[in-house]
Each structure stands twice: as C-alpha cells, then as structure tokens.
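There are two complexes below, and they share chain A, which is joined by chain B in the first and by chain C in the second.
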Partner chain A sequence: MTDVQMTDVPALAPDEAQQKLKFYQKGTFTVGNRLISEGERSVQASQARSNALTSGHRACQGCGEALGARYAIDAAMRASGNDLIAVNATGCLEVFTTPYPETSWQLPWLHSLFGNAAAVATGVAAAMRVKGKKTRVIAQGGDGGTTDIGFQCLSGMFERNDDVLYICYDNEGYMNTGVQRSSATPPAARTATTPALGPEPGNVFGTGKFVPKIAVAHNIPYVATATVADLHDLERKVVKAMAIHGARYIQINVPCPLGWGAPSCDTIKLARFAVECGLYPIFEAEHGRVTHARKIRKQIPVREYLKLQKRYAHLFRGGVDDPRVARIQAICDAHIAEYGLLGDDEEV
Partner chain B sequence: MLKQIEGSHAMAEAIALCRPEVICAYPITPQTHIVEGLGELVKSGELENCEFINVESEFAALSVAIGASAAGARAYTATASQGLLFMAEAVYNAAGLGLPIVMTLGNRAIGAPINIWNDHSDAMSMRDAGWIQLFAETNQEAVDLHILAFRLAEELSMPVMVCVDGFILTHAFERIDIPEQAQVDAFLPPYDPVQVLDPENPASIGAMVGPEAFTEVRFLAHYKQRQALRLIPAFSAELGKIFGRATGGLLRTYRIEDAETVVVAMGSICGTIKDTVDEMREDGVKIGVVCLVSFRPFPVEALGEVLAEAKDVVVVEKSIAVGVGGALADNIEGALRNLEKRPRLHSAIAGLGGRPIPRDSLRRLFETAVTDPWEGPHFLDLNDRVVGREIHRVRKVRRSGSTAENILRQLALTSQLPQD
Partner chain C sequence: MDHDFAVTLDVGSSLANHTGSWRTFRPEYVHRLPPCNHACPAGEDIQGWLSLAEAGDYEGAWRALTRNNPLPAVMGRVCYHPCETACNRAGIDASVGINSVERFLGDMAIAKGWAFAPPTAKSGKKVLVVGAGPAGLSAAYHLAMLGHSPTIKEAGPAPGGMMRFGIPKYRLPRETLDAEVARIVALGVAIEYDCKVSDLRATMREGGFDAAFLAVGAHIAKRAYIPAGEAAKVLDAVQVLASMEGEDRPLLGRRVVVYGGGNTALDVARTAKRLGAEEAIIVYRRTREKMPAHDFELEEALEEGVMMKWLSTIKNVEAGSLTVEKMVLDEKGFPQPTGELETLEADSVVLALGQDVDLSLLNGVEGLKIEKGVVQVGANMMTGAAGVFAGGDMAPSERTVTVAVGHGKKAARNIDAFLRGEVYAPAPKHELASFEKLNAWYYGEAPKTVRPTLELARRSSTFEEVVAGLDESNALYEARRCLSCGNCFECDNCYGVCPDNAVIKLGPGNGFKFNYDFCKGCGVCASECPCGAIRMEPEEI
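So, the complex of A and B:
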C-alpha cells in the first residue's frame, strides 16, 4: 500500500453502494477496503455477502467473467434482499459453474438455451408478477449469447420494458467453443475464425456492434457499461439498476486470459488499460440519454493495451507497428470525443 | 354451454377456463385466432391473474413459457408450421427440462414452397422432441383435449402439444359445448410444480449433464411418457363423466367389428373417412376406421388390439417423410409387427398443403388397397401427368428452374387446353 491517493469526488447517485471516498493505489484502481469505514466498504468486504457464485467452479485462472459475475450477482443479491432469480445463457459461465451434480450458484438459477436468456427471464418475471411476488430477475450471458444469437430475444425484452436486468459479460468472442469471432470482437483481434493470416490478419475493421448503444436506442430506463478493473463502480451500477423497474442492461468488460492470449495475472491490468486507452467507454444512460461517463484518469496509447495480448501480436511483428494500430487509436479517440472521456468526473 | 362459435375461439375459451397464468402470443396462420381470443379475454378482464405477453418470435414465445413454467406459473402458447420450426430448439428444451407447458399447434404445411394450408408436416417434425402429441378430430374434441392437456402435462411434468387441423378446425364455426368453470375446476387442480425457481430454496435447473447420466435422463423421459398411455384413458374417462360425453382416449374406433379393412388416420380427416366407411358399409364392404388421438406416446398395444383381426390396414396421413414415406405408417407397422395374423399395411399420403381429400378418392384408395395393393407410399390424387412432364423437362434442361413455379406454370397452361 504505497502512494495511496485520496480523491474527493462528488456523489454520483444517492444510493448505498456509492462510495463517498475513492482510493487509488498507484498503478491500479483497487480501492483498499481496509482504509475506509465499514459502511463504505464494498459488498465483497462484508461477512454477510451472499457469495452467490461460490468457489470451486471450473473457470480458468484469471477469468474476468467469474470475477464480474460474482461481484455483479452479489451486489444484486444484496440489493434485492436475496430475493433474486437468475437466468443464464449457454456459455462459459453456465458450463464452468454447473456440471451436475455440482453447482456454484447459491440462488435459484435456470439455464435453458444459448439464445433465449432474455426471453426466459421475461417469463420468470411474468410468473413473479402474476404470483404477486417481489422476487427480482436477472438474465446473464456472454457477448456471443447477447450480441449475436440472443440479440432478438434481448431486443424484444427491451422494447417490452420487461422487468429484467440483463448482464452481458463481454470477453469479445466465443471463448467457450474455443475463441471464435463474435460481433463484439474488436478489429484486428485474432480468433480461431479471424486468424492472423493474410494481408490483413485478424478481425476486419468496420464490422461488429456495440450493444450498449443499441440498448440506449430502446429508451429503456437504465443502460451501463462497467469493467472488472473498477469493481466498486460495477457494484454501484448493479445496485442502481436493481433500484429501477423495467428493462435494464449492464455490459461488463471481462478479459479472457485464454482468448486474449495474456497471463492470468494481467486480467485487471488489461481491463483497466481497455478503459484508459478509450477503447472501452464506461458510461451510464437513462431513458435513451447518456447521463454519465467515467473519465479516463491517465490516458494511455492503445498500443500499450494491444501489446500485452497475443491476439494482437501480428500488429507488432518485427518490432514495427502495423499501420492498423493507428486505426485502432482513431477508434479510441472517437470514443473519447463521443463520450467526453477526458477531464473531470461530473454528470453530463 | 352450447355455442355456435369458431373453433379457435372455442379453444381460447377452453384454455381460459384452465386458468393459465402466462400466455405468450405470436401471430402465425392458422393459430392466430386462438391467441387473439385469449388476448381479448385477458384485456377485458374476463381472464384474471394472467400475463398476456406479445413476444417477438415463436422462439421467444416458447422461451417465455419455459421461464414462466420453471418459475411455477401455468404457461400456454400456440403456434403452427414455420413457427414450430423456429422454436424447435426450445421445443426440445421444454421437454428436456420437464416443464408442463401446453401448446396448441394449428397444423399447417411447412415451406418451401410456402403454403399456409393444412397438413401434419409441422407436428411430425417434432415427433421425437419429447412432447405428448394429441390430435383432435373435431372442435369439440379440441376443446376437451386442451383441458385434458393441462392435467396430463402437470401430472407428468411434461409438455403437451394439442394438434388441431389448421382452417378445417381452427376457422370452422360449429356448435360446440363450452364447459362451465366449475366443471373444469373439478377436473384440473391448481398447478403444483415438481421443480420451481424459489429464492427460499434455491436450486440450479438446466445444468450440464455428461455421458454418465444422459442415457438415464432420456430413459426416464421415455418411461414418463409411456405413463401417459395409462393416464390419457383414465383422465379422458374422468373428463367424460364430468362433461357427460365420451372424449379423448388414446384412440377411437368406428365400425371396426368384423372389419376386414381398417383405416388409420389422425385429426379432422377421420370425419370424412367415417362418412366413406358408412357409404362402403351400405354396399356391404367390411370396413372400419381407427382415429388415433395420442400420437405421442404411441399406443402400440392399443393399436395392436384394434388391428389384430384386420386383413388390410390403410394408413392415411397428411405428411411425407421425404425419402422414406409415411411416418405414421412406419409407426403403425411397429404396432402390427407382433400380431399373430399380421395384416397387410398400405400407406397413403393425402391432403398435403391443404389438398382436399374427397370421399370418392378415399373410397377408390380403400378398394384398391384390397384389390390391387401398391408398393411404398401412395400419393392420393397425385397429378401424374404434371409430375411426368416435369421429370422429363428437368432431364432435358440443366437450368430447369424452380419445381414449384414450373408446376404452377404447367397447371396454368393445361387449364387453357381443351380437356381430353
């Protein structure tokens, strides 16, 4: 714990997860729970946390999705007084948590199919409404199950404003099936179906979709992006989302050591760099309008982020930067301009 | 209460009497009037404590029903044809999860070529999905079978598909006896799920199962569905007692005593076949018909009993398993296999894509089966000349174009030619 800085930040929203203080350790965003009073500590610091996703599951070492899911669902459990049902799309999270007869889930949990989590959750929510129960409903899936195969059901759930919080754990590809391209795979990234071969190795430019923006276009009550590099912000957003009824969407950037070709110990660093270079904008939107963007604290060039991952190794062959690195930097710059990611943190 | 009412609306009223809690609606001809009817009942407040959800696809329709059912609500949806195919993955999933969803299938052909009229291709496409499949002969039976379906589904914790012929039943206005709420309540207790998503008692449903248990899971699904062979007659009798009319059952026979030729069919065509049988009986032909209600589970024993004395069995079915023949005929063959005096089996494919099945054609078919039996499937009223011309034309030209359009063109041309 060296060089701990303390920054006074204006309150974003008057809810219980909102920290009044932010501590930054040098080089990370990790906030030391031990340095703040008990009331201000994160959900995970509490002995009474629900531990919705218990240890012993089969996720890879350094799995960003396992971390994101644990924080997100624990926060949702606390916000709902443990009165919560989760629906899960097929994918890594489903497989590594539940090979029968074992399960890591400490809440009622249903897996149906790859592409229908949002619709199944709609059904669960309808059942709760008709039974007069206050039980809340979460649907969760990876980016493939959300932005590709599950997109129609997701959009349907949004437009009907069904009372479901959908959480997408975005690791930018089909990792469960062996790292293939999804519509969330960034340009130039190598996957098994966008191999590092040919004149333009990796995923092509000018394709893909950023579902949070599409969610905003549905005018649903709440949309947010989050990152496992800032778990307090993630918890805050989940708690905020749980205080709202109707369709809500949170997309969490969760690095995948296997798919991205990075050491397990770099998961948080990668998540942080993705935010700090501007490639992954962290923002909130309510009823179709962006209301808050998380500022970049210390901007880094995107090449620093790309260089840490083997999926981008072809961009740096022979010690020379591929010209496409500049194109990715341009994407980052466009995000920074669009969401106003530089400057002081304030409501927009 | 007796009503002069459209089949779809009668079914909607019967379903409403079953007190469904979640209804998922997506339009597809010819089932649409059923969910429209239910939508009216919910919107007007006549059907209380029910969520009516307009979904964005059939895949979502059944997925919403899956979520609702797993969360302890009585769930219903309806579909047809392409819609059933679009929800196919969820059809298998609902059965695999053992969720007692009831779904009406307004039987309709499957494209291409796109065709909105009635046949049984859609139901046949899902025959191995693990759902109980019941076929209604009349709209009265369609009403009764839906009430039976909820009881059966919930008793076994297994989904039930009620198959009703598109247009022929769904759009026909008939005199139908709609039961009273008290009668249905006496038959159908509130839904008491065997598994439920409950925060008080959290369980994981739908987890991954490996080779060590998968066979056993599937065996038990098969075993459970065979239980319906006992329950369908029992519940039908119970329902019949309350309603004061015979209804449901695994199958129904008509004039099969002393019959040498027995026809087997499913759905509304049984009515036309009965008329044909009456006509032939008047002429002294020993013929009868077996109307199959339960296609899944397939009542092998019950069929064996009613077909044991027949010399000829003619299966008339409204679907074609391309490359094999008739799926129903194949199944019936299994029921005949162990009979002492095995009857000859004749398979006929009829009524595809809404082609009318006239009594004359049926009579010719039944007579030919005895006097001049055919090999493989016989396509009733096939236009041999059009088919022959198309086969010859395709042999001559490599880029021969679309079969469907060519047939239509031929028909248009020949209709202008003088009849020979």
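So, the complex of A and C:
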C-alpha cells in the first residue's frame, strides 16, 4: 500500500476535548472522570475495555511494559472495532505472556523470531489485503527487538510504508535475559554489560540511538513517543495512528522496576519523572515533521529522576554528585530546547 | 482434542495462573478523614456534600450538609471557615472556597423552598432549650430530627441570638436568618419569645421536660473602669449592635471611638461608618499581630476607612474628647504604659471589651460548676446536673456561630442517648488524610474563585451585604476543586494503572475491589491514587 489514506482524525480525542473545558478540576489527569460521560472517558476507564493483555501473566510486580502494552492494545482494539492482529518480537513481553501452552493475549497473536516482527507484520498485512479483510495489524516489541535486533526489518517496513503500526515498549535494555545494555540504554546507566566499575561506571556517553528520530527521517505518516505516565496522551496517539494507513511508529517509555533498580510501586512515578525532567521527550511527527510536543507540567531536575534508581546509584556515591549528572541534565535541557517542552500548558 | 504434530498440551489462558500468590503486601481501600471535616467545629461532612455539589446535585448536597448543620446560608456568611485553613488544596494552589459553596447551597435552598423531612417516629420526650441562638436552634433542630419534641424559650423578641443582635446586617441579612429559622420552626420546633427562664428547675418541672439544653449566650458587656465626665457619651458594643435591630438607630455622632480589638470592635466601627460617622477610630492596647479579630475583617474595615490606633489605652473620657495613653509591649508581649498622653476628639466612645454570661437562671440548680464565668460541661456537653446540658458562648468555647452550632448538635446526640438511658458513643475517627498521603500530580492547578466584594462606595454607606455570593457556574467550579482527600472519588486510576488487570470496577457509585487472585502487590495503585484512599498492608504469610 503506497498511498497514504487518511480517515477522519478528530482534532482532539473526545475525552481530551472535554477536559479542556474543565482543565482545573480534580480528575483531569486521572484515568477516568466520573463527571464526564462514559463515551468521553479513556478506554482504560471503561468496564468494557478488552483487557487484550489479561491477568495471570508472569511479568514482574509493577511491570511498566505489561501496563503499556495493555494501554496501547486496548486502545487499538477499540479503534479497530476489535479486528486486530498483533505480531510480537522476542522479548519480555513475549516471554511473560506466552509460556507454553498458556497465553495472556485476548486477540490473535503471532510470534516468530527476535528480529523479524516488522517483516512478519508486513506479511500479515499483505495477507489481509489479499483476502479482502479490513483486519488491522500491529507489530510490537521491546527496545532490544526494535532498536538493535529487529532494526533492519523495521527500517524496511518504514521505507515500503507497509500498513503496520509498530509499537516499541522501551524499557532501555534487555531485561528478560538479565539486564544487558541495548542501543536504547541511556548514558551512565548500569547494566550487566555496562557495570558500575572503572573511572566512568555505567553506560558510556555518546552511544546508542533514538529510533523515533530515525523513524521520522523515513518520512512515514506518523511517529510518536508516549509514556505510561500520561494515559490520555498515549491513547490519543494510538487512536490517531489507527486512523491512518501506512507505516506508523509509536515508542512508549515503560519503566522496568527490576532492570532500573526501583521499587515496584514507583513505575509510573519514574515514567512521569522521565518526562517531567525532559529526558524523555514526548512528541509526535507526521510525514517527517514534528507537529506536537507534550509540555512539561512541573519541571524537575534530572537528579530527582536518577536518584530513584539503583542503576544510577554510582552517580551519587559518598553523597557527592558525579559530574556526569550535569551532563545528563544538559541532555534534558537540549531536549527541552529542541522540542519546546516548556511553556504554556495549553497544548497546540 | 487432536493435537498437531509435536503439540502435547491444550492452549489455555494465563487466567489459570494465579499470580496473587506472589504478593507480600496487599492493597486495601480505606477511608481517611479529610482535613476540612476534621477542622469543622460544626462537624460537617464537607467533602461529602461537595462531592454531591460537584456532580450538580445541589439538593442532595444541601440535604447532606444539613444533616449536621441546619443553618448553611447563615454559616456561608458568618463562619470563619477553619475548613479552608485546613484544606489540602492550599498545597497545590489555594484552598477550596468551601464557605462560598455552602452559602450558595444555603441560598439556593431558600430560593427553592426546600424543607426538612420530619422524622417518621416520635419519642414523646420533651426537651427544654433555653435561648434561640445558634446553639439552641441547632440543638432543637437535631432533637426534632431525632424524634423528640423541643421547645425553645427565648428571652428576646426574635430568634437568632448574637446572629441577630451582634452580627451586623451587612454580614448577615436578616431575611436569610429568618428563612433558616422558619424552616426549623416548620419542622415542629416551638419557639416562645420574650420568655426569660429565671428558675430552670421550676420551668422544667412545670413544663414536664425530660432534659434541658442551655444556650443563653454571653450578652453582658464587660466594663472597664474609665473615669468619665458626666456629659461623656460611653456606650457598650452589645447595646449598640442590638439597638441596630430596633426602630431607633443609636446616635453615635460624627466622630466615634471604639475601644477593643476583637471582631465586635470592628463590627461596631464599620456600623458607625454606615450610620454616617466621618471618623471611626479603634483604640487597641496591643498591636495588629496580637489582635484577636480576624485579619480579613480588619482588612475590610481598613478599606472602608476605619482607622486604627494601636498600642493605646483610654485614660479618661470627657464630653467631645478623650485621653489615650501610648503603650509599649514588654518582653512577654504585655502592653505597659509609657505615660505619654494624647487627646482624641470623639462624640462617643463604644466599649467592645468582650461579654459575660448571665447565669441567673442557674440559681438553685445543684451540681453545677462555674469557672471563669462560664458553665463547665463534660465531653458529652452535660453540666454537673443530670439531664441539664449546656453549650454555645455560655460554655467554654471559642465563641463563634460555628462552634455554637456544633455544640448544639453534640448536645442533641447526647441528650438523645440520655433520654434512652444510653451513652452516646461517637463513631471512631479515621486516620487524617494529610497532604503527603495524596498524589497531587493528578490535580490540575486552578485559582480559588474570589467572591466579588461590593464596591467600596456602596459598601460603607449602606447595610447591604459586603460579600456577594457565587452563581451556579462558579459554585460548581469551586466545588469541583475539591481533592476528595482520603476518600475514593472514582477516578478509575487504580483500575487503569494496575499492570495485572487485578482491579475490578464495580460501576458508578460502587467503587472498586481488588482481585487478589491476580494482584501481585506491586503497589502502583496505592502510589497513583490521587486522594490517598488505598493503603498497602503486609500480607500475613
């Protein structure tokens, strides 16, 4: 499918439109809001949500990826009228949801190899087209299966503009196999392969890649980043992506309590802090251009975010801040400047 | 089932895998005490009625409010709202304007003619209430709602007590007061006016009363010895404010000096300005910081042109002038004379030095204990005499309308228990929902709606209300700023944020429950609950 077809995309998701009227009220940023009508609330607030990733899965306590996957797939299920197939790369998400012979998925779901999810999804989309079905296709994987191992297939899917929404759940490392570094692991973070040893412990600066930008460079119809700390933004982006045909990419920041070394109850707090300090910019881009950035609501220094995680503990040894904290802050400041993350909280 | 090659097991759902066994902590839904409710002297469930108001159910909100306080329109005007001082929202932007929403509901109830629903069963017990002030009215209302038959005997010609004879009209219009009293009377409360009780035991015997609640207030102005010339015009504040209710307005002259530093002194000075005085000067022996009056009232008075003479005492009063002495505060904060004198011109001097209680009706009642001029009562509001309860200004209290209303309610509940031969046991209080128990990130910022104040020019020359009310749109705005501290408001956060889909949504009004078969105990729901209504408890293993 080479032509990009646009179906009707509302200027604002209905629930967001409501909330603009009542931005000051309690419940504004919560999952639901009893003061607005059922149809205007988020998918996750609904008793009828599909729970595409249901209970009994074997993810760790407080798993951000399990949460992000349910958020995204439930929204896509509603947007596609429950006519959806998911293709999964190898990774935590695949392992903890489908230990033979059980599955947590409540939709047709396929797993082939670590690196080929985008290519398999392309094939599924082609098959649906040939069979004359309107079934939509999602490919999903972790950052390892996306930014490293599956990157060639992903880039191919982008440049062919195949009708697939690829969702990357970014927990910044290979968590399933014992927390090894990926090309999405941030600088200074300790992993099993970037230990907190030597003069500059943890992951080195100046490496890795930010796939959303690479996706934007493919000039595909839609690219977005999202976070489990902002459900309304995430759902709006999935709904918007589902209304577009062609190659689409959403990368969701999903904290990993195990790999990041944080209490399981802090998962959403970590995601929130990552966004509020500017380290994880939340934006969307259409056809190669950044069109929207989610503003920081309450800016915090990156130090507060780092301090919550044991993978950065070496930056605060002996009660002294490592000078590299300032370098990470500089990265945040650069993101804030690049995407215009500060300013009026009235969004564009 | 026939299996394909190399397949040995049937496909199953992960629902067979009960991950709840991983759990070491379990989340539980709890109720915590909101700080507003905790601070309310009248014991209102503020959060409860705000919650109804924010959904647009104003009548429901009013009914919930009046379960504890029968005078919302009055309270919405004269209460010093300690609830707002305690409000957690102040930690985000500004506290919720609870008082103004209360007034909005009270005014709407009057406009719509909402009435109290009388109880279905009567106890046949008669209770004497002495005094138709806020404490007496509140007690009579609650007693009537509990099925008893209260009779109020009031020494004055009209109901309200200090709400009528102490609080000026510009703060509390009399139509509002009358409307709320009429609603209590309509419930079956008898009020006898000009009926001073001088012998309590005799009145109770003759009337066949089973118990009595005393709330005569504090109406006797305290005097200070000030040498005064024969022609000097020295009045007291109680007398001046009470005479505002009669036909003849008090003649205070062009220059009025008020002596004292309480809210009453400000009321008199502001009243004097409205009566046409060119100058109203308050003489107070200490400083603004030490003044017992509320600061917002002082601000309003200053805006209206009332002048303040701090650190001064009146030495003597002559016709047309008086002498004041400058004071200094010693290291303990007490004012000490300096000997430095000054003359002020004044046509009249009004003393506002506090009030005493007329305790004459208690003569011959055995077992009573009186200390510092007020009747001592126990935690159940009962005096030393069995069946005789007391409250309001005549009992130890802060002497505000709200405290009096609270006394009335508390006394009524204890009288009810007393009449049934029981002891009233208040429900145990929940743990306080303090600010750190909330996840404030989820609340958007919004400034408090400021009640429009009348233009200064109009305000200082008339007795129209100074503070105007909210209309429906901004009352709703204000109600919706409530954070619902400590009590679930069904925001769906726990239901949404659970990575294990282990929260069951029970539908509108029914809240949620945990599915402990699958809850791994990660605690995300408790961390992300905006209002602190989930607590993690260690699992017993």
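Rule of thumb we're sticking to: the second predicted complex is superposed on the first by the 311 of 348 C-alpha atoms of A that agree within 3 Å, B and C clash if a C-alpha of one lies under 4 Å from a C-alpha of the other, contacts with A are read in each partner's own complex, and residues count from 1 in each chain.
Operating definition for what follows: contacts are C-beta pairs under 8 Å (C-beta built on N, C-alpha and C of every residue); 3 or more make two chains touch, one makes a residue touch a chain.
These figures come from a predicted structure and were not determined experimentally.
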Under the stated touch criterion, which partner chain does A:Y100 make contact with: chain B (first), chain C (second), both, or neither?
both
With both complexes superposed on chain A, which partner does A:R272 reach: first (chain B), second (chain C), both or neither?
second
Which partner chains sit in contact with A:D83 here, chain B, chain C, both or neither? Use first/second/both/neither.
first
Which partner does A:G56 reach: the first (chain B), the second (chain C), both, or neither?
second
Now for A:R70: first (chain B), second (chain C), both, or neither, which partner does it touch?
second
Of the two partner chains, chain B (first) and chain C (second), which one does A:V130 touch, if any: first, second, both, or neither?
first
Let me check the overlay on chain A: which residues of chain A are in contact with chain B and also with chain C?
100, 103
How about chain A: which of its residues touch chain B in the complex?
82-85, 87-88, 94-95, 98-100, 103, 105-113, 115-116, 119-131, 135, 152-153, 155-156, 159-160
Which residues of chain A touch chain C in the complex?
22-35, 41-42, 44-45, 47, 51, 53-59, 61-64, 66-67, 70, 97, 100-104, 231, 257, 263-269, 272, 297-298
Touching residues of chain C toward chain A in the complex: what are they?
9-19, 22, 54-55, 441-446, 477, 480-484, 489-493, 495-502, 505, 507-508, 515, 517-518, 520-524, 526-528, 530, 536
Looking at the complex, which residues from chain B come into contact with chain A?
21-22, 24, 49-51, 53-57, 59-60, 63-73, 75, 89-90, 93, 97, 197-199, 201-210, 213
